[in-house]
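The next part holds the structures, each set out as structure tokens.
The following pair of complexes shares a single chain, chain A, combined with chain B in the former and chain C in the latter.
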Partner chain A sequence: MSFSTFVTDKTGLQKLYEAIISKHETYAPVEKFGKYDYKKVSSLKECDPDSPIAMTMSVKPLFFPRASKIMKYEANSSGTTIMETDEDPLAGKRVVLGVKHCDARGLQVLDAVNKWDYIDSDFLKRRANTVIFSTRCDKADTHCFCTSLDYDLEKLDALDVAVVNGSDGKIYLQARTGKGDIFLKENSDQSTMYDVQNTMDDVRSTKYEEDMKKQYIAFTGSFRLKMDYKDVNEKMAKRFDSPAFEEASRNCVSCNTCAFICPTCHCFKISDEKIKDTGVRYKSYDSCNNVYFTLEAGGHNPRPAKFRRWRQRSMHKFVYYKERFGVNLCVGCGHCAISCPVNISIFDVVNHVANSPASS
Partner chain B sequence: MDYSKQIQDIAAKLFADGKIDVFVGYRMNSFDDNQIPVVITDPKEVAELVFTEKSVFNLTNYLKADHTRNKRVGLVVKGCDSRSLNLLLTESQVKREKLYIIGIACEGVVDDKGQKMQNCVECIVPDAVVFDEMLGTPKGIRDYIVNADIIELAGKGLVERREYFEQIFENCIRCNACRHSCPLCYCAKCCIDQETATIYNGSNTSSSAFHALMTWSLHLAGRCVDCRNCEKACPSHLPLHLLHKQNEKVIYDNFQNHLAGVEEGDRGAFYKYSLKDPDDFIL
Partner chain C sequence: METLLVPTLCKVDRIIQETPDVRTYRLKFKDESLTEKFSWQPGQFVEFSLLGSGECTFCISSSATRKGFFDCSIKRAGIVTADIHSDLEEGDEVGIRGPYGNWFPLDEIKGKNLLFVGGGIGLAPLRSLIQYAIDNRADYKDFTILYGARTSADLCYKEEIEEWKKNTSVKVVLTIDKPEDTWKENVGVVPKILEEVVKPEIANTKVITCGPPIMIKYTLQSLDRLGFAPKDVITTLEMKMQCGLGKCGRCNIGSTYICKDGPVFTYEQLKALPDEF
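What follows is the complex of A and B.
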């Protein structure tokens, strides 16, 4: 099925964004201390949908919050009462601007686990109710390797509307899902778009397609990091006992950062905030690189050493998740390498392990 | 400031003489001209070692458990790093005889953009205060200065100051990179991580961030050496020095110009009690 492609320019796109912000609940990257995080915005001035990838936090918390209330309770000598939490502030219809392609793919990867044995209805509701606008990058950053992974960036449908910068100031808005198509048609008019293609088979469409292809080729040519993910998947599966894990993780400080900023990590912990008899139970991020992650109640810790934790992290991303759900649990965004206090990069770790001798 | 060659030679000799099991230093990262810490166990790797004004990370962080504990360690320390090492020695976290310390008479380090780090601009003790061998020409103790942001912060009323910190901590994601990067945060189980505690409940809410960061800063008051490992580590780029530097200034002004870790054996302002201690300030 092909969806519409709209053509506009910078001014038109800004007008469209402004119209969206005024009509819909909209989230976009907002800068603070040089870092961008997705926040609710009331004007385009507050945010930057073109925020640099290396400086932008993942959009994941809008779907899987850093901390979410899962229930309230009252517990005293006469028993325990469980209550619903307040309404989910993220469940309404909303639009997110300025999502990066890799980050959108992260959400798609997470759909699999959220639809698995336990259905996370909150996550899925937020997904269904959100329209994602995502600009295709023009140039890869130092740690990007999205084009080396198991998804097609050119036709990515993890987002609803792709924004592609064409030549001569042209900007293409391409609907990639039915939801995106309807949204674009409802929200754009003559003042924001100067050409609308509802069918992809006439002369102009071919010209536009070619222009977008040109952008795509220039973009894919700008990558420093390249790898063959199939090779990494296969080799890692045979290297559980590789000493390379220890070598690659020796200077890790075992914080939680790489997992907390990752678009695909989804481990969480449960904790209570309790005052006297009433409390709130929270679901918050957790990380397998944290020494307490596997600490058992009796005091035993099956992953006391750093390399065991790093092995779990990289094997989960490139072996286990792939085996179970058919996709890698890494989208090549490079956020982990950027944010790690000692710049450990998952790309380096998995390639180092894959290139080490296989275990017997 | 380039001591790469000297450090490679010293490390090679230490390994050859069987004096150390590991060496903690810096090496170039694989993607730009910045450096990362490296923990070397194989003498063949000493050729990778470098030391320049890009050697930012405070390596004494690697003296904590799980990194180098119970091993004989060679490491490089700048002025601020040596002060945290002094505290680790005083607080019985490392044994002096297990260490071979290369001290640097530091000329200041630069951030990723090549700009001199603010703590280096304000640095009071640039020369390593504990070492087996010193590289560079000692500069001596400098005057105590603080940046305009601390003066501005000190001028704020209590309510205003709380609001100021609340809006900063709003962007904290509770990843704890700050704590794990701090050489002086070595508690086997931080109070913030106790599952049974109800105020630091481990949930990543902004109220737990506020509690956690405030508690953290108080545990470091009088111990923080202003190396800014924490601030460099924060993925949200929070100006964490505001907490620590403000505490440092209050302590400097109220406790006879006390600075953490400068003197060997000094347990820090908050670990000594005297009836004459001033009590008319709030951190």
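What follows is the complex of A and C.
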């Protein structure tokens, strides 16, 4: 089934964004101290859907918050009461603008772990109620390697509407899901945009695909980093005992930043805060790079050394998650490398390990 | 809102001091209508909250064949368990999520000889299966329990062990690490007693074992020497867990979620996991 593609220009896109913001609960990248984070916006002026990838934080917290309340409780001499927390602020119908393709893929990758066996209905409800507008990058950043991974940016349906820059100022809005298709049709403005598949003009309708392809080829040519993910998957699976993990992780300060900004990392912890008789229980981000992550009450810790934690982190991304759910737990966004205070890149780590001698 | 992680309230009905640092907490649902709905299999675990201190993973140490309550036997080890021991009293309320995880392979052990090998608090998960099997005694052949602890004071479930001893269809072998004046049973570590005193029949026997890592290590070696096939040796793993639901990523070993695919594994399955322990 093919979905509609609309053509417009910069002015038309801005008008569409403005219309969306005025009619729907909308989130978009908002700048603060040079960094962009997804926030609820009330006008296009507040945000930048074309924010630079390297400075834009993941959209993941809109679906999996950095810290969320599990419950409140009250305990006193008359007993204990568990109270519902406030209504989920992320569960309503909403639109997110300016999501990067890699970041949207991250959400799709997370669907797998949230859908297997016990179903995380909160996560899935947030996903189902969100329409994602994704801007396809024109140029790769220093640490980007999305085109080297197990997904096709041209067909990716982790997003609902892809926004692609064409030639001569043309901008294509390509619906990638049924949800995106309906939304686009309902919200498109006939005066500034038209559906290429429905137009009577044959030239216009056949050329848009070529134009999008041209943009994609130029984009793929801009990558500094390239790898064969299948080769990395296979080789890493045979390198559990490789000393390369030790070499690659030597400089790590275990700050966990890489996990906290990652679009696919999903480890969390449960913690209580109590003041007198009332308390709150939180679910918040945690990381396998944290030395306390696997520390048991009795003192035993299966991963007391950095290289073991890095082995878990990189094997989880390129071997274990793939074995379990069929996809890599990495989308090639490069944010971990950008944010790392000691300049470690997951790309370097997995390639270093993959190219080290195999364990006997 | 994190629907999956909200616990249900239970009342502490009874606290039994098992050893100087182990207590069994007998729990009943605050909302009694939930009692019937809460069903579990031997080997499963719950997430146990002392609200304000935190949540910990404990196996259910009683069998669902004993109705109206369930037990968690808790050793004082870390921050939350220390708070549980010092703060929690009979009549107090705790939060419970579960039951989670897989369970002992009830179909496979049917019709077999059962040999339980436990050490210290490791008897807790075995106890749920021991009770279950005693309550369905006709389904099994020989029934042997080998249980050891460092000292006689460290043996859990002393009263219940006396009952097991009185049961003529159950053979109970006890041991402690070092001799004590009043101790009349075996002395020596569990693997030694297993090989020298129990001398189990290999054919048609399933071994179910749990204990401290060092005991497990040497017990597995003994069972190997005795000629048990790894598929006939069943154990239950202890791993740091938080969600218990296969989401939080804490208990992963390779692509296995200990909380979902386990905690019960055969020795054969354990050997196939990446060597992280």
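By definition in this document, the second predicted complex is superposed on the first by the 346 of 360 C-alpha atoms of A that agree within 3 Å, B and C clash if a C-alpha of one lies under 4 Å from a C-alpha of the other, contacts with A are read in each partner's own complex, and residues count from 1 in each chain.
Assume a residue touches a chain if its C-beta (ideal position, glycine included) is under 8 Å from a C-beta of that chain, and two chains touch if they have at least 3 such contacts.
None of these values were measured; they are calculated from a predicted model.
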Worksheet entry | Superposition on chain A - do chain B and chain C clash or fit | fit
Worksheet item: Who does A:288 touch here: chain B (first), chain C (second), both, or neither?
Response: second
Practice prompt. For A:307, decide between first (touching chain B), second (touching chain C), both and neither.
Written response: neither
Worksheet item: Just chain B (first), just chain C (second), both, or neither: which does A:36 touch?
Response: neither
Fill in: chain B or chain C, by number of chain A residues touched
C
Worksheet item: Touch check for A:17: first (chain B), second (chain C), both, or neither?
Response: neither
Worksheet item: Which holds for A:71: it touches chain B only (first), chain C only (second), both, or neither?
Response: second
Practice prompt. Would you sort A:172 into first (chain B), second (chain C), both or neither based on which partner it touches?
Written response: neither
Discussion item. So in the superposed three-chain picture, is A:272 touching just chain B, just chain C, both, or none of them (first/second/both/neither)?
Written reply: both
Item to complete: Rounded to the nearest Å, state the minimum C-alpha distance from chain B to chain C in the superposed three-chain model.
Response: 6
Item to complete: Share the list of chain A residues that count as touching for chain B in one structure and for chain C in the other.
Response: 269, 271-272, 274, 279
Worksheet item: Along chain A, where are the residues that touch chain C in the complex?
Response: 68-71, 73, 75, 79-80, 82, 84-85, 87-88, 91, 113-114, 116-118, 120-122, 240, 266-272, 274, 279, 281, 283, 286, 288, 293-298, 300, 302-303, 308, 312, 315-316, 319-321, 323-324
Worksheet, complete the sentence: The answer for chain B against chain A in the complex is residues 29-32, 34, 36-39, 57, 61-62, 66, 171, 173-177, 179-181, 189, 193, 195, 198, 201-205, 207-208, 229, 232-233, 235-239
Fill in: Of all residues in chain A, those that touch chain B in their complex
32-35, 37, 57, 66-67, 142-143, 224, 250-251, 253-257, 260-261, 269, 271-275, 279, 282, 284-285, 287, 290-292, 304-306, 339, 341-343, 348
Worksheet item: In their shared complex, at which residues does chain C touch chain A?
Response: 1-7, 9, 30, 49, 51-56, 77-81, 93, 95, 213, 238-240, 242-243, 245-250, 252, 254-255, 260, 274-277
